[in-house]
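Data block below; observations after.
Chains here go by letter, A, B, C and D, matching the order in which they are written, and residues are numbered from 1 within each.
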Amino acid sequence: MKVKLRACIAGALALSTAAGAANAADTIQIGAPLELSGRFVAFGAAGKRGAEMALETFKGEVNGKKVEFLFRDIQSDPQAAVASINELTEQTKVKYIFGPIASVMFAAVIPAWRQQKPVWIGHGSVTTRTEEEVGGERRFFHTYPYAYHYHQTMSAGLKSIIGSGKKIVIVYSDDAYGRTSLPFARQFYKEAGFEIAGEELVRQGAADYNPILTKIRRLRPEALVTLVQTSDLVTLAKQIKIAGINIPYLVDGLDVLLEEWQKAAGDAQEGWIGLSGYIHGMERPASKDRPDIFPSLSDWEKRFRDKYQVEPTYLDAGAYSAASLLLMALEKAGDDPDKVVEELEKLNTETLVGPGRFTKTSTGGTVHQAFESLMIAQRQNGKSIILYPPEVKTGEIKARTE
Amino acid sequence: MTSSPLFQIEHLNAGYGESIVLSDVSLDVQQGEIVSLLGPNGAGKTTTMMAITGLLSAYGGTIRLDGHPITDKPAHKRVDLGVALSPEGRQVFPELNVEENLLLGSFASKARASRPRNLTRIYDLFPRLAERKKQLAGLMSGGEQQMLAIGRALMSEPRLLLLDEPSLGLSPLITELVYDTIPVIAAEGISILLVEQNTEAALAVSNRAYVLSHGRIVAAGKAEDLRDSAVLRDAFFGGALSGAAQ
Amino acid sequence: MVILAVSWNFMASTGLISLGHSAFWGLGSYTSMLLVNSWSISFGTSVFAAILAGAAAGALLAVATGRLRGIYFAVATIAYTEALRVAAMMLPDITGGSTGVYLNQSARLSQEFLYSAAIVGAVASVTLVYLLMKTRLRYAMRAMLNNESAAQMLGVNPLLYRTFVSAVAGGVAALAGVLNTWYTGYLSPEIAFSLHQSVLAQIATIIGGVHTQVGPIIGAFVILGLSEITRISLTEFEGTSQLIYGLVLVSFILFLPGGIFGAMRNRWLSWAIGAKIRPLPTLKAQSSVIVSAKRERPPAS
Amino acid sequence: MILQLLIDSALLGGLYALLALGLVLSFGVTNILNFAHGEAIMLGAYGAFWAFTLWGIDPLLSIPIMLVVGFGAGFVCFRYVIERSLDAPHLNQILLTFGIGLILQNAAVLAWTGDLRSANPSYSMAAINLAEVFIPVGRLLTFTVAAALAAILYMWLTRTEYGRASRAIAQNERAAKLMGIDTRFVYSLVFAISIAVAAATGAALSSITTITPFIGFHLLVKAFAIMVLGGAGSISGAVLGGVLLGLLETTVAYYVPEGSGWAEGVAFVALFLFLLIRPQGLIGTRVHG
């Protein structure tokens, strides 16, 4: 009901704005429903920066045709996200979609996307619900690692660094990330030969983790694996530090390598191990075939800093790379979705966050997956030391002692 | 004639929303005088009190204290100027104790300085209250609450004390106890405007009285003259009914 | 949205301020979704089941909160919703948990059909409430809004009426939930039990005009229009769209407390009578009610 | 284990009591349920965070500063905005404050982005270890602040002229006017104090939780629960309600499998049941100490 009303109003609005702004004929429009306010604003903001900057690299056009991103604020509200997709695909009739990012938003828009199936660059969502629902769709391109990529890489990496057979405890949160991650974490760590001594659930946004920590303390794990949101990892890391629990290895996913987490966690970040496709301060040479789009990481970071006066994050670099891939395909294919799909499938270039090539995931659930290669790093004395894979290693692992 | 009265209402109109309750009410109270405002239920007595205290703003007319208009002053300013009401139904603060209730009576800045003296005075006037200083007001009997309400009003050192239905819900014995204090208060030079349905009790202590009916003053005069007047009976029972009631 | 606002307003007409309307909404949504997925029942049956669930939830709420009024009732409804949300999060085997649940692809219906169903639903709920307000119920509700104990003396059994009203409101809200769920095809605890839905229904009512029949409908349109405009046009800086939304909301309440419908009615009235009336009739009628309702608290110990 | 459980409960309870204190005060007296209270806490937390980050002012020292700033902001906000809705229906007040909350939240996004923040003074990572139990220093300090603020508010309400006047207004507004109390002024005063307490709460939280512009609402819902548990309008009720909720959540987290997930739900169910048995809360509904 509500959505319907929304769609009508939005349609009227879109018509009036679109008519003046551009004739659909000579402009390629890319719908970009992003979290520009609300809880996930940090995600949406990074997505928007990435897309904007990519467009700037292409000087706003491909093959003389103007390109524009139609940004929509989905307010971190799934209902608004659905309304946005409907408006973009049904009324404005965009053929390409970029966004949203947060798993919850992503999940919500899948049925709406199905109505028209525009080419979708899905730069976000780590939950495998996404994979189950749309992974097999030919027009869906996932440009962000799934949760199991984290655990697969991390368990393999840890095995090669500290050896298997260690006793671990898993802490997972009751949100989408924790819930979907748990079975995979369980599976991969077991496969890598770790002993799972316990699994503890924590509540998203909780203020007190002491009851959990008391339980963990008694289990005496050698490594703690956390599957929680970034904000919760700040509180949790601090409380682990305060409690002085002697766990040699603290392991999380992406959060540890985010600058905002590091700042917020303060001294509590020391020793945490995380992984990412982009580690701040690392160097990656320029792409051989498209250095204009993917320069060396330091050059790109400088450009980014000059434009936005903030430090780039994995999301910024990833969104930039993902949006660039779409623009490259548009450059080759012109404004024809089917051809764009073909060109995307053919792409093979180095990007800021690893190989820009769409392949099947190891589970086979997603036919177009890119950017799943990750590096493991540990926070040591306020710096990220890369531990894995061996070819990019910059230091040795250190066990925590309390 | 005489010098301007301590308190005076001229042509007051007041009401709630669109319904006008009081029309063209005028009355005055001299220094140290006890004046009753009598009338049946719904005559507009309490509305008059509300308008005098400023809880209700007047639609028209003037209210003067010492010849100065106070019609536009907010309620809390009027207390400071010397008008205090012991409201209908007592309205004590139920979860504050007796002493706290009394202390609140002298919240107005002027009276705060002489607080200890006034407290003593009121405990002298109502020894019951002195015995129950720490008692929560809500747990006291109706008569005690009435004493507290009057005492609380006196704490602001008013020049005009307004008493709204002090006998409401009290037994004759307790009513008498409360009424006994009224002349004592007046003797201190405080003017009193007394609103009552209990005409008997009110007229017994008053110098003068006004009769209010359907929002208008229908009679005024000395208390003893009004006691058996037909006007008073009419006001209470209505013209037609008075015959039937005989 | 219209349905939800109408439902909320109906409940508010008896002085029951609900901040937990999404409880009904979400419960209705889950009921239909899960039933369809498990037993592939038809759309119609699922609507029916959801309305029943919503009504049951409404009745339960009314019975459970029997003695609560005003703000206390409002807070209780928040607790009701939060408890349901936690339950939905913690029972992933049934609800899909935080990762949510999708409507079976095979069960999906055409958008056109859902549009028509939504219109029918909106018309039906407006009509239902309109008809109910024509009956004796109206006086009972008025009486309860003003003073529940007085209503009791008039021979109105407040609990019975409250239960009835809550059940109807719950059923109607559940209907809104079902329609939305069939439309979006996805449900998660965050969507189903977010306070946002409840508040949105209120905003719509307030902006349209509270305790009136037309108010919620006008409000629903205005609020959605506003939200769309800000979402689409204000994307330059993060956070602006909701900031403006908040500003508009605040100014509405400060400057048009009777809502659009109230303001329109006043303007029309003053025009009709020759702009002579001083007090605004609708506002006043309302505020006198409020004065009596404002200071009330539940019985002290 | 039991001892640790009790300590954890008390520390969490202190935090919860702090969340509810200001809310209880403003609701008890003005009868306006402030939906922007959580945002006031959020702004207080940001204030303390920036004071620490930019000028190295310890979050604990920020508490008095936040009290003053919060007081001023609360007073102005009440005088110029909220006062207008004083006689409006509850509903309008709820939406008005909800709208204000929305504005503050998004203004914070514009000003400071949605990034996570947390202040890290030296003691925030320290803990006192006594045999089998340990007590985090940061939270102990928060607990102390809660106790101190509750005591000050209690004294203010019972021993001062305006405190007494506030209680009088809560019990009978018209009679309070008859006492010569400028009720509008006292409303502003009480509201300002409640915001001051909220801002101080934020400052106390700044080193122990994560700050984002969106933390407010979650905190608010908690505060509601505590307020109702304790009895709206009662300072000791807020403290008692906070500690009770802390105990309940911690116990569930300790002893129930997946307890941390259920804890909050259990708390709300308890609240709901409690409302049925005793709608006036533990202590009662009128403002007292």
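Keep this in mind: a residue touches a chain if its C-beta (ideal position, glycine included) is under 8 Å from a C-beta of that chain, and two chains touch if they have at least 3 such contacts.
Here the structure is a predicted model, which is why all the values come from computation and not from measurement.
A.B. asks: Indicate, using Cα centroids, the chain positioned nearest the centre of all protein chains shown.
C.D. replies: Of all chains shown, the one whose C-alpha centre lies nearest the global C-alpha mean is D.
A.B. asks: By mean C-alpha position, what chain is farthest away from subunit D?
C.D. replies: Farthest chain from subunit D, going by C-alpha centroids: B.
A.B. asks: If I rank A-C and B-D by number of C-beta contact pairs, which comes first?
C.D. replies: Pair with the higher count of C-beta contacts: A-C.
A.B. asks: Approximately how many whole Å separate the CA-defined centres of subunit A and subunit D?
C.D. replies: The answer is 35 Å.
A.B. asks: Taking the mean of the C-alpha atoms as each chain's centre, how many Å separate subunit B from subunit D?
C.D. replies: A distance of 43 Å separates the two centres.
A.B. asks: Using CA atom averages as chain centres, what separation in Å is found between subunit B and subunit C?
C.D. replies: Measuring from centre to centre gives 48 Å for this pair.
A.B. asks: For subunit B, give me the residues that contact two or more of the other chains.
C.D. replies: 94-95
A.B. asks: Can you list the subunit A residues in contact with two or more other chains?
C.D. replies: Residues 37-38, 41, 45, 174 of subunit A each touch two or more of the other chains.
A.B. asks: Multi-chain contacts only, two chains or more: what residues does subunit D have there?
C.D. replies: Touching at least two other chains: 106, 109, 113-114, 213, 258, 261, 264, 284, 286.
A.B. asks: Which stretch or stretches of subunit C touch subunit A in the complex?
C.D. replies: So the residues of subunit C in touch with subunit A come to 1-4, 89-90, 92, 97-100, 102-103, 108, 111, 114-115, 118, 121-122, 176, 179-180, 183-186, 188, 190-191, 194, 196-197, 220-221, 224-225, 227-235, 238-243.
A.B. asks: Could you please specify the touching residues of subunit C with respect to subunit D in the complex?
C.D. replies: Residues 12, 17, 19, 64-68, 70-72, 74-76, 78-80, 82-83, 85-87, 89-90, 195, 199, 202-203, 206, 210, 237-240, 242-243, 245-247, 249-250, 253-254, 257, 286-287, 289-291, 293-295, 297-301 of subunit C touch subunit D in their complex.
A.B. asks: Which positions of subunit D touch subunit A when the two form their complex?
C.D. replies: Answer in residue numbers: 1, 4-5, 8, 11-12, 15, 106, 109, 113-118, 120, 124-127, 129, 134, 136-138, 208-214, 218, 249-250, 253-254, 258-261, 263-264.
A.B. asks: Per the contact definition, I'd like the list of subunit B residues that touch subunit D in the complex.
C.D. replies: 53-55, 74-80, 84-85, 87, 91-96, 100, 103-105, 107-108, 112, 152-153, 156
A.B. asks: Which residues of subunit D touch subunit B in their complex?
C.D. replies: 161, 164-165, 167-168, 171-172, 174-183, 284, 286, 288
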